[in-house]
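Below, each structure is written out as C-alpha cells.
Shared chain: chain A. Partners: chain B in the first complex, chain C in the second.
Up next, the complex of A and B:
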C-alpha cells in the first residue's frame, strides 16, 4: 500500500487559516455565554457558569422572530430571483458573445463591478423612494440588480464551458430555446447556482448598509438592523450582542452545509469525452 | 424514409469566408452516403446545414419533396449523432433516449416501447438507469445512436461519431453502424475524415476539399478511378505514390520518364494520352503501393514497368510489408508480400502493375486515366 503524502506547507497554511476563522467564532461563543461581570475579568476563558439567559434577552431586545422573518423573506426572494433572472441574462450573453450588442452589455456589467456602492447609494435610494419602492421589495430588487454584474461574470464563464452540442442535440430533438434553457442548461448550472445562491444569501442576510438606507418602517427591519439596537449610546451589552450575532449566524451556516454538496466539479462529465 | 436533394448549396460566413461552394448532391432513399475530407473542407458544415443548425446562404435543400431551408431543426424529421455524443449529463440513459419523444408528446407506453426496442438493438438495456458519466466511451456512443433511433427519423446525420473511440472499438462500431443501416432501412449521411470509414461504410462517398466536392462515387469507383490528384492521394492507405515526369514518344512507343525511372505505357492507353494532349507535357504518375511488386512474375508480365530503388525503411506488418524507397530523390512506398526478403539498403528490382497506372495532368491535377 502506498501511503498518501501530506503536503506539509499546505497543511500549515490551512491550519493557520482555520485558526483565523475559528478564533473569532470561539471568542463570540465565549462572550455570549458569560455574564457582563465575568466578561470583564476574561474574554477568552471558559465561563464558570453558562449564562443562557443572554439568548432570550437578545431575542427580546432585537425582536428576533420578526427580524428573522424579514431577513428570511428578503434573503430567500433575493436568492431565488437572482438565480432565475441572472442565469437567463448570462445565458443570452454567453451564447451571443459574437454579437456586438451582447459583448457591450457584458463589458457594461463587468465595468459595474468596479463602481463602489457608496457612490451610487444615495441616488439609488432617492430613485427607489421616488417610485415608492423604499421598502423590502425595493431592497430585493436592488439585491437582484446590483448582484447582476458579478453573477453574470461568473455564469458566463461557466456557460461557455458547456458544450454547444448539448443544445444542438436538444434542438434536433425538438426542444425550444426556452425548454433548452430550463431542462438542459439550468440543471447543468447547479454548481454555479449554488455558489451564486450562497454569495447572495450571505450578502443579503448580513447586509447592514442597504437596509439601513432603504427601510424606514421598524416593522420591516432585518436582523443586522435590529442588532444595531443593542449598541446603546453609553454602553453596549456585549454578551447579548454576541448571543444575537450567533443566532443570526446559524441559518447561514446551515445553508452553506446544505448547498455545499451542490458545489461539485464535473457535473458535465459524461456529456462529452 | 426520404430522398434528399442538395442543389447549389453555399455557406458563406461574414468576412467573405466561403465554407461550402456550389454543393450539388442527390441522396437516394435508404442510401448510406459518406462525406469525407480533411479538416476544414466543409463536410461538417454541410451536415449541419442539412440538420438546420447552420443557415444555408444560398441554394435549396429538399427533404422528401419539401424545401426545408427555413424549417427549424425539430421539424425536419432528422436525427443527429454528434462527435462528442452530446448526452444530457443530468439525465439517465432512458431519459436521454426518451427526451425527443417526450417533446413530441408521444404516449408513455409508446416511449417505453421504443426506448426498450432501441436499447435491445444496441445491447444497452442493462444501462437504461445509468447516467452518462457511468458509461464507457463505446456505451455512450451506443446511447447517442439510441437517442437517434427511437425517433424513427427520415434521415440519420452522423458527425464523426467514431472519432472519440479507440481503434479497436472504432472497427467494431463501424460494422455495427453498417448493420444498423441495413436493419433500419433509412437514409444515413455520415461525416468522417477517416478514409477507411468512408470506404467500408458508404454506398457512395463524397470527397470534399476547401468547400468543393471533388468526386461523388462508389468506394470502388473512387479507389480505382480517382477524378483528380487530391482524391487519389486522400483515399487509400498508405497513400498513392506520385512521381513527376513527362510522357515521351519514340518510334510509336510512349513512355513515362522521370529522374531515374522510365516506364513504358501500355498501348491501350496511347489513344487517351494523345487525345488529352499529354505527350511531351509534364504529368504526374500515380501508382498505389500495392501495385508495386518485387516478384519476378510481374517483371515478366510488365517488362516495361521494371525499375530499381534504394530501400530506406522496411516495415513488417505481419501479413504484408511496406518498403519506403528513394528513386532519384522521389519517395515511393510499396506494399509487398510478407515473405519477401528485401532488407534496408537493398536495391531490388520492382515492377509497376502497368494496368493500374494513373496519369494526372500536372497543371489541372485532373486525371487523364
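Up next, the complex of A and C:
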C-alpha cells in the first residue's frame, strides 16, 4: 500500500535538480535573443523585443556552415567505419577466445583503455604530419582506432550471447566466415551497433582535444574547435557569442529531443555490458 | 585444409585492425616513453639523458602543483558526482510523476559538448552571478569566482553539472535490477529507509558504484576542456591540470621530452589509481 503513494521529497529534489540543469540553457537562450543594450539592463529577463539577428551574424562570423559540415563529415565517417570495422574484429575475437592469440588481442585492447591521451598526444602529432594525415581524414582514422578498446569490449559481451548453432549450420552449407559474419551476425548486432553508433557520434561531435592537436587549417575546424579559435573576438558582444554557442549545441540537442529514449537506452546498454 | 581456411579468415578480420591500432595508439605511446629519456625539444639533435627529466619533474614546483590540483579536483569531483547521481537515481527510481521527463532532463548534459558548456558557465560566473549578487548585496559573490583562489570550485560545478548525467543512468540501471520483494522483506523486518539503503540497496548496486568510481576518476584526472574554457589554468597557474600542462608546455613551451616524462608519470598515476580503486571497491561487492 505504502509504495503506491507519490514520493514528495523525491519530487522536490528532482524539481530543484532540473532547475539547476536547465538554468544555464535558459540563460544562454535569453542572452542570445537580446541586443547588447538590453543585455546591459537585464541578463535573465525575457527580451522586450526579440533580436534574431544575433544568429545570422554569429553564423557569418564563425563560418557556421563550414564548421558544421566539417563536424558532420568527421562524425558520420567515424560512426560508419567504427561500426563496420570494430564489430568485425570483435566477432573474430569473441569466437576464438579459447585461442591464446585472440585472447591476448582482447587483453591488449582492454589494457589500452588505461593509457591516457597525453602520453600519445605529443608524438602522435609528429607521426600524423609525417604521413600527411594531420587533417580531418587522419582524425576520422583516430576516432575509429581509439574507440576500439571500449567498443570491442561491448561487442564481445553481446556476441557471446548469440548462439553458435546458427553459424555452424551456415558453415556446413559451405558459407565462408566472411559471409557468415556480414549476412548472419552483423544484422543480429543491430541494437548494439546503434549503441556504439550513438556513443561514437556524441564523442566525435563534441570532442575538442583531438581536433585541437590534429587540425591546423582553419578551413577544416570542427564546431567546438571553431568556438575555441574565435573566442577572443567575442570579448564584447556576448549576445552574438551565445547565439553561436547555442547553434553549436543545437544539432545534438535536436537529435536528443527526437531520439532521447533510444539514446538513453543505447548508452545504458553500452555501459552495463 | 578447411580448418586452416577458417582461421585465415579470422586472422584477416583481426590483424589489419590490430596493426592500425598499434601504429596509431601504441607506437606513439612508446615513442613518448622513449622521448622521456632524452633531451629532445622537437627539432635538432637528440640525446639520451637517462632519468634527468624525471628527477627534474619532482623538483619542479609548477609540475608538482599541477599534480596536487589534479588529484584534489579529481577526488572532490569523483565523490561529488557519484553522490549527486546516486541521489538523483534514487529519486528517479521512487514513485514520482513525470519520471520520463525528469530522466530526459537529467541525461541531457551528456550529449552536449564540454567546451561550449564551459563557455556558457564562464559567462555565468563572470557576469550573471556577480550582477545578481551586487543587486542583492551579497558581497561574497560579487567577484568573478573564476578569478579568485576558489576558481577550482567553478570547474567542479561544471564537471558535476555535466558528469552526473552518465553516472545517474548507470545507477538507475543498477537500481532497476533489484527485485521489489527484497525491499518488501526489509520493510516487513521493520528496517528504516536509511537502514534499507545501506543494508540492502547499496550493497546490491556496489558493482555499479565500482565502475562509476573508476570511470569518473579516470575522466576527471584527465580534465582538460573545462580548464581551457573556464580558467585557462589561471589565476596564475592555480588551476593547471596535468593534461593542460602537458599540452601547453609540450607543444608550445619547447619541453617535448620533459613533458613526455611528465606524461609517463601521469600514466603510472592513472594505473595506480585504477588498481587501488578496483581492489578496494570490489571487496565490498556482494552477489544476490
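In the analysis below, the second predicted complex is superposed on the first by the 206 of 273 C-alpha atoms of A that agree within 3 Å, B and C clash if a C-alpha of one lies under 4 Å from a C-alpha of the other, contacts with A are read in each partner's own complex, and residues count from 1 in each chain.
Please note the rule applied: contacts are C-beta pairs under 8 Å (C-beta built on N, C-alpha and C of every residue); 3 or more make two chains touch, one makes a residue touch a chain.
Since we're looking at a predicted model, the values are computed, not measured.
A.B. asks: Under the stated touch criterion, which partner chain does A:173 make contact with: chain B (first), chain C (second), both, or neither?
C.D. replies: First partner only, chain B.
A.B. asks: Does chain B (first) or chain C (second) touch A:93, or do both, or does neither?
C.D. replies: In the superposed model, A:93 contacts chain C only, not chain B.
A.B. asks: Of the partners chain B and chain C, which touch A:229 in the superposed model: first, second, both, neither?
C.D. replies: A:229 contacts neither chain B nor chain C.
A.B. asks: Between chain B (first) and chain C (second), which does A:188 come into contact with in this model arrangement: first, second, both, or neither?
C.D. replies: first
A.B. asks: With both complexes overlaid on chain A, does A:124 touch chain B (first), chain C (second), both or neither?
C.D. replies: Once the two structures are laid over each other on A, A:124 reaches chain C alone.
A.B. asks: Which holds for A:163: it touches chain B only (first), chain C only (second), both, or neither?
C.D. replies: In the superposition, A:163 contacts chain B only.
A.B. asks: Determine, for the superposed model, which of the two partners chain B and chain C contacts more residues of chain A.
C.D. replies: C
A.B. asks: Under the contact rule defined above, give the chain A residues that sit at the interface with chain B and also at the interface with chain C.
C.D. replies: 267-268, 271-272
A.B. asks: For chain A, which residues count as touching chain C in their complex?
C.D. replies: 2-7, 10-11, 13-14, 17-18, 20-22, 24-25, 27-28, 31, 43-44, 85-86, 88-89, 91-93, 95-96, 102, 105, 108-109, 112, 114-127, 141-142, 145-146, 148, 176-178, 181, 202, 205-206, 208-209, 213, 223-224, 227-228, 231, 238, 241-242, 245, 248-249, 252-253, 255-256, 260-261, 263-264, 267-268, 271-272
A.B. asks: Can you list the residues on chain C that touch chain A in the complex?
C.D. replies: Touching chain A: residues 5-6, 9-14, 17-18, 20-21, 24-29, 31-33, 35, 42, 87-88, 90-92, 94-97, 100, 102-117, 119-121, 123-124, 127-128, 131, 161, 166, 169-170, 172-174, 187, 208, 211, 218, 221-222, 224-225, 228-229, 242-243, 246-247, 250-251, 256, 259-260, 262-264, 266-267, 270-271, 274 of chain C.
A.B. asks: Would you tell me which residues of chain B are touching chain A in their complex?
C.D. replies: Per the stated touch rule, the residues are 51-53, 72-74, 78-80, 82-90, 99-100, 103-104, 131-135, 137, 140, 147, 151, 164.
A.B. asks: Can you list the residues on chain A that touch chain B in the complex?
C.D. replies: Within the complex, chain A touches chain B at residues 163, 165-166, 168-175, 179, 184, 187-188, 266-273.
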